[in-house]
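Just so it is clear, A, B, C, D, E, F, G and H label the chains in written order, and each chain counts residues from 1 on its own.
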Amino acid sequence: EYAKIDTERTARTGYPEVIYGAGKSAAQITGIVQAMKQHEQPILATRVAADKAAAVLTQEPQLKYDEVAHTLVLSVAPPERIGEIAIVTAGTSDINVAEEAAVTAELFGNEVTRIYDVGVAGIQRLFSKLDLIRRANVVIVIAGMEGALTSVVGGLVDVPVIAVPTSVGYGSHLNGLTPLLSMLNSCAAGISVVNIDNGFGAAYNASMINHLAGGKQK
Amino acid sequence: EYAKIDTERTARTGYPEVIYGAGKSAAQITGIVQAMKQHEQPILATRVAADKAAAVLTQEPQLKYDEVAHTLVLSVAPPERIGEIAIVTAGTSDINVAEEAAVTAELFGNEVTRIYDVGVAGIQRLFSKLDLIRRANVVIVIAGMEGALTSVVGGLVDVPVIAVPTSVGYGSHLNGLTPLLSMLNSCAAGISVVNIDNGFGAAYNASMINHLAGGKQK
Amino acid sequence: EYAKIDTERTARTGYPEVIYGAGKSAAQITGIVQAMKQHEQPILATRVAADKAAAVLTQEPQLKYDEVAHTLVLSVAPPERIGEIAIVTAGTSDINVAEEAAVTAELFGNEVTRIYDVGVAGIQRLFSKLDLIRRANVVIVIAGMEGALTSVVGGLVDVPVIAVPTSVGYGSHLNGLTPLLSMLNSCAAGISVVNIDNGFGAAYNASMINHLAGGKQK
Amino acid sequence: EYAKIDTERTARTGYPEVIYGAGKSAAQITGIVQAMKQHEQPILATRVAADKAAAVLTQEPQLKYDEVAHTLVLSVAPPERIGEIAIVTAGTSDINVAEEAAVTAELFGNEVTRIYDVGVAGIQRLFSKLDLIRRANVVIVIAGMEGALTSVVGGLVDVPVIAVPTSVGYGSHLNGLTPLLSMLNSCAAGISVVNIDNGFGAAYNASMINHLAGGKQK
Amino acid sequence: EYAKIDTERTARTGYPEVIYGAGKSAAQITGIVQAMKQHEQPILATRVAADKAAAVLTQEPQLKYDEVAHTLVLSVAPPERIGEIAIVTAGTSDINVAEEAAVTAELFGNEVTRIYDVGVAGIQRLFSKLDLIRRANVVIVIAGMEGALTSVVGGLVDVPVIAVPTSVGYGSHLNGLTPLLSMLNSCAAGISVVNIDNGFGAAYNASMINHLAGGKQK
Amino acid sequence: EYAKIDTERTARTGYPEVIYGAGKSAAQITGIVQAMKQHEQPILATRVAADKAAAVLTQEPQLKYDEVAHTLVLSVAPPERIGEIAIVTAGTSDINVAEEAAVTAELFGNEVTRIYDVGVAGIQRLFSKLDLIRRANVVIVIAGMEGALTSVVGGLVDVPVIAVPTSVGYGSHLNGLTPLLSMLNSCAAGISVVNIDNGFGAAYNASMINHLAGGKQK
Amino acid sequence: EYAKIDTERTARTGYPEVIYGAGKSAAQITGIVQAMKQHEQPILATRVAADKAAAVLTQEPQLKYDEVAHTLVLSVAPPERIGEIAIVTAGTSDINVAEEAAVTAELFGNEVTRIYDVGVAGIQRLFSKLDLIRRANVVIVIAGMEGALTSVVGGLVDVPVIAVPTSVGYGSHLNGLTPLLSMLNSCAAGISVVNIDNGFGAAYNASMINHLAGGKQK
Amino acid sequence: EYAKIDTERTARTGYPEVIYGAGKSAAQITGIVQAMKQHEQPILATRVAADKAAAVLTQEPQLKYDEVAHTLVLSVAPPERIGEIAIVTAGTSDINVAEEAAVTAELFGNEVTRIYDVGVAGIQRLFSKLDLIRRANVVIVIAGMEGALTSVVGGLVDVPVIAVPTSVGYGSHLNGLTPLLSMLNSCAAGISVVNIDNGFGAAYNASMINHLAGGKQK
């Protein structure tokens, strides 16, 4: 059999197994969805291309596909959302990754505030949103190019910052290695980093932190 | 002047500026310590070599030097410690980094549980400590070599894991790049990563999370 | 002429030359197959894409194509299979590489046990299969992402582990360099490594070891 | 002979040849200085370690050694200084590189404004100096760690920014490759980059620009 | 909203925001163009593929598309051009990058002199154009392969050289990393470097310098 | 104009300019060919894809296209061929590069001996051809994978070996960087290296050497 | 406590825990040795520098230090040695690594045949030892530079080859990455690879294989 | 035994084995010298540090040590020198490598012309020596920094150029990888490359070529 679903994961880690769609066929995704449906729990598949999603939906039409986030979701019950998590992007092109994070965070019961295209080339855009950002229990900063936004935000808030480098850039950007390295070497403390384009992973961490905080309003 | 101390940092981020000792002379460290002493706040200098520390201590004898953590500390008042943060290492050689994290976390008011030398080559050592680890609000995993311990812990706990790759290894270890890459690509969710050997940064993040959690006992 | 078949290879190394299909045209593969057929020996071509295989099969229909393993095989006689070799994968997406290994191992006369999708994010899946794995004379561990499964298995068995990093992953995964480096730096002893996605090479090594062991049942 | 002094360089490029001291012996530096003295022009040697400088000074005592900048200078006549060039650093540890730039710029006839330790972790330090920075015809930004200061400054000024990454950092900083890549991929326009720790090169470029601007006061 | 246009940028930096077309849909580019048209200022979009440009032009037909430079331009009024900027390429294949630079420079009010295909393999081609190059206030050198042209030009002119490595090459060229590294390590002073293929960035810097020089004729 | 043909190259270097076809349009190649035809000299264009070649041939039908070498050739007169140059490959898949070398060498007046698919996995294949190889004045060794053939040949001949790494391989092969590094670090002396897949460059060097040797028969 | 000795390791993997001396103090090594002595089993510490060894020996004089292999050994009882394992090096400088392997293999009960300095630059040296090598059940090949010896041996024997790249080399050798990559991409099958300079790891694997083979004489 | 001297090498390759001193002890070097002395042939050891050389000389005083080239030489008889080989360096700091090449070339019977410190920053220095360079049968170009001199020379001569990148540089120079990559990607044909700082290897190749040319005067 091609998959051994980890049915005890919610008990162990608080969250169910999530399907990484990139390396799987539509048939494999469908099969795993069907097996997971037997255990009452939210289902999330990330990195599902539009055509693959269409094929899955013919079999499992109650799933919901998000064309920006590239996610398939089956939500058992509208989860209570506590909050909040701020998702901040440097540019317009980082929005796919940001929405992967947003869909994940909302499914896992978090209020999300979106603050997009506030990169440091025009830093007043960030300052005008600072009150909004400071309301959050945890901030996700998503940036390509050189990722400088992360350090600026990190120096301005008193909660953890989860940094997500993106593959938006060219040349010596090295498909995202440049902002990844940049974020790991930030001169601001309070920043930790996940893999390039890993919106899901950032939201997963942020959700854990927001729930530890009891979603307390600041 | 060689330094502009960021006196508003505690107001802005909840924590005072910390002195990064590696690139500074004893005279510079002493000067910054003296300037900071004027503002009632804990002082922490990291990456201070033993001889440099000795020179600073002749001027500022009330500082306390830790020979394993390589830190200089001036604690205004014994902080209330809430908890807790688990610090887990794969090997014996990762302990310097672990103690940098521990000193930082304790200064910032956190209870710390140390669980050292439980790498996956003898995985039963980890399982025997699992109850202890699961009591923490956040877990710091510190590992050199291939860093596999991170993923195993990540799959077993329901709180955030902050991963610290260390420079312990040789050859294709690339001075810590191997566990850094390994941790960023973990198959377990809930893991975020800081720079190689950055015990301080991990503790800083963990302290923020533990305090958001109100140090609630699990 | 484009190919000099190494007809003495079985005498020298115990195994015939194997056709590496990736860089060759269908015509070249067909030509080499036809030349090899003159010497009574099993024929194996790896990395043959489906359309190229179809073209070869119109000329040499007695070959058997495996759509998961991407192999073309001509087996002179059903070989006696001794055993055994365990093939363990971390995820579902590693199965193509695993089947390349399995087809190779079986053609070379080995019993194969397949244990798929038991990565460390849900480590109990591995433990539930440990008895099965421990029966083998040699274990092939195949993993993408950070490859942590290799070290965990390496710490639990008393036979050689051949590690195969796969290109399954993204971002700082660097097309498989991350698990490759991880496996080379494993904290567990008894692990040696082959190239990224090289299921064939792992099985070739494992077959040599299993035959040295006389396929003795443990 | 070990050196062919390029005596026509001032005619061709506006500036004399400068001695790169790192790879030369004290005897070689002394020899080149003596040869250059015959042509009425300012002499500058960079990257001269203190002990090597001492040896040169015993032979050529009219040279002036700067212990922070690691430069040896012989100034034919106090040059008229026009201006100005702003030199901005992120941290205290970047000052050696900054002073190499300052010594070079002053020798080549430029007014220099030094603004040190204003990195983005405490960004208000930068804003409080913005009027000073904006008076310059060209800004040199010098930063280690992740180099984010460059992009912030780049977004706030209307003159060219010359970025100098420094080797100040550790781990995945890769001895300065991280801020180098970061600066090359800045989301702000108007930034060009020189080699790691190359204060001399930045000042050379800035001097050309400041002189093209006629040192006009803004 | 997907974009926050930085309407104050001209006031702050002297130049309007420029649209980086590579990561945006035709709809997004069109939307940003329409928003920007409300503020009387030149509009420039770079890295717009031909088909995407066609889609934008159906909505905003007054834009002008350049098929070599891959730019979309809306020029409010023919700008006065002062000068001049020399754009020099090593080969024929570097011309796309050169024209991105030329279109940018002309839109920003600079006279441009194009000197193409004068790489050092036939260095007399460069020498025959030297008078032309020396008339400029700033020189942009664009080269792939090993980028040696940059150093040769740098040693022959008395104005700043902005170097642009290109992705023209193969094998160990590493998509432009080789000339990038080469240019950063030039033995000639007076060279600063922008990202691989970044004709826009080079022209932006050159325009700032040319305007500081008052476009004075040499 | 997009190209400045270096018409003095034969006088200077002994060989005419060669058209690097990879980055040029069919129209550009045709234009350069037509300009070069005016100077009586052989014309060679390398890296011309089949469809691009077809377009050029409609305009300049007297050119000859080689579908394995991907070259377009116009030979003014059958050159006298002296010799000889041995071209040795490790595998079947290295033949495209080998034929680029062979076409170049023959056009430049050299006798070529082809010895293909004699890689070290079956080293007796090489030994059986050693007499043939030893007759050459210079040996070109072309290999992908790990490139070990180069060192073995280098230890067995008394003439220069020009090594060409190829992009044939996968995974940690890094598109040819592995054999490139391997060849540069050969334990055998007498080996120099050209860029990955650069059959043309190897033949150019070999031709110079063979002609210096006067094509003397050994 | 700084170390948790894995006392169950022999039961689980057939071999006791081995002390990696590089990152530990003499005091730590001594402490671990003393703890291990309580469980009747052979003790091996690798990578122990001479001065550190001397310090340990003052406390634990029954240990035996090997100045070439840099190992400390305490052998409970002379183990029966079965065999055999061939250890082959390319050069003289690889002998430290080879002896680390030899000491390990002998302690673990294997007959060892040493064949040193037979690299491919003088390949007849290898051929003259081939009968000796072919007697082994497993061959360890140790090479720096480009590591070509591995592929040649791999093509000549019918047992597993464990390849150990060494850090012997300079420049683009990259401290052993070049032979590491070379060995991973070998054109010969039957080769698996361990970390740079990891003689211990190679011997550990070889011992497992030799014992599976029952040390049968070929 | 630690060394198997390849006594047949002169017969096979025309040149005796040369001792690579870097990884060997004085005792090992002395031993090998003594063994080689028994076969009437010139002895050359490269990369011998001054103190190690002194130790060898106490045993073998007839050897000659060169303090710039770091070579030990024993010349059986003054060889006839034919010629010639030009050795060209970009800077003063490349001279150690150049002299390693010169000593090697002279021992192997070649006339050497030294042309040092003619890098492209002052290109007229090169042009003034061009007649001298053009007299050689083969040119060795030795350069650190960006290595641009290689391409310029390559475009000006009609004989093979052997390029030697040196480790002279800093920052993104990467210890010589930058000029290595630069030389491999030269836009001039007729260049082949050896390892970083490998003066010996360049001279070995050049000697082969010069002797094939019969040392004919041009």
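Here is the rule we use: a contact is a pair of C-beta atoms (placed from the backbone, for glycine too) under 8 Å apart; a residue touches a chain by one contact, two chains touch by 3 or more.
Since we're looking at a predicted model, the values are computed, not measured.
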Set of chains adjacent to chain B and to chain E: A, D
Least hop count linking chain C to chain E through chains in contact: 2
Centroid-based (C-alpha) most distant chain relative to chain D: C
Between chain C and chain B, distance of the C-alpha-averaged centres to the nearest whole Å: 42
Intercentroid distance (Cα basis), chain G paired with chain B, Å: 36
Averaged-CA centre spacing for the pair chain H and chain F, given as whole angstrom: 26
Set of chain F residues in contact with two or more other chains: 12, 91, 121-122, 155-156, 171-173, 177, 180, 184-185, 189, 195
Pairs of chains, among all present, that meet the touch criterion: A-B, A-C, A-D, A-E, B-C, B-D, B-G, C-F, C-G, D-E, D-H, E-F, E-H, F-G, F-H, G-H
Complex contact set, residues of chain D against chain B: 91-93, 95, 116-118, 121-122, 124-125, 144, 168, 170-173
Chain H residues within the chain F interface of the complex: 12-15, 18, 137-138, 155-160, 162, 180, 184-185, 189-195, 200-202, 204-205, 208-209, 212-214
Residues on chain C engaged by chain B in the complex (per definition of touch): 90-91, 119-123, 145-148, 150-152, 154-156, 169, 171-174, 177-179, 181-189
Touching residues on chain E, where the partner in the complex is chain A: 1-4, 6, 8-9, 12, 17, 20, 22-24, 28, 165, 167, 175-177, 180, 195-198
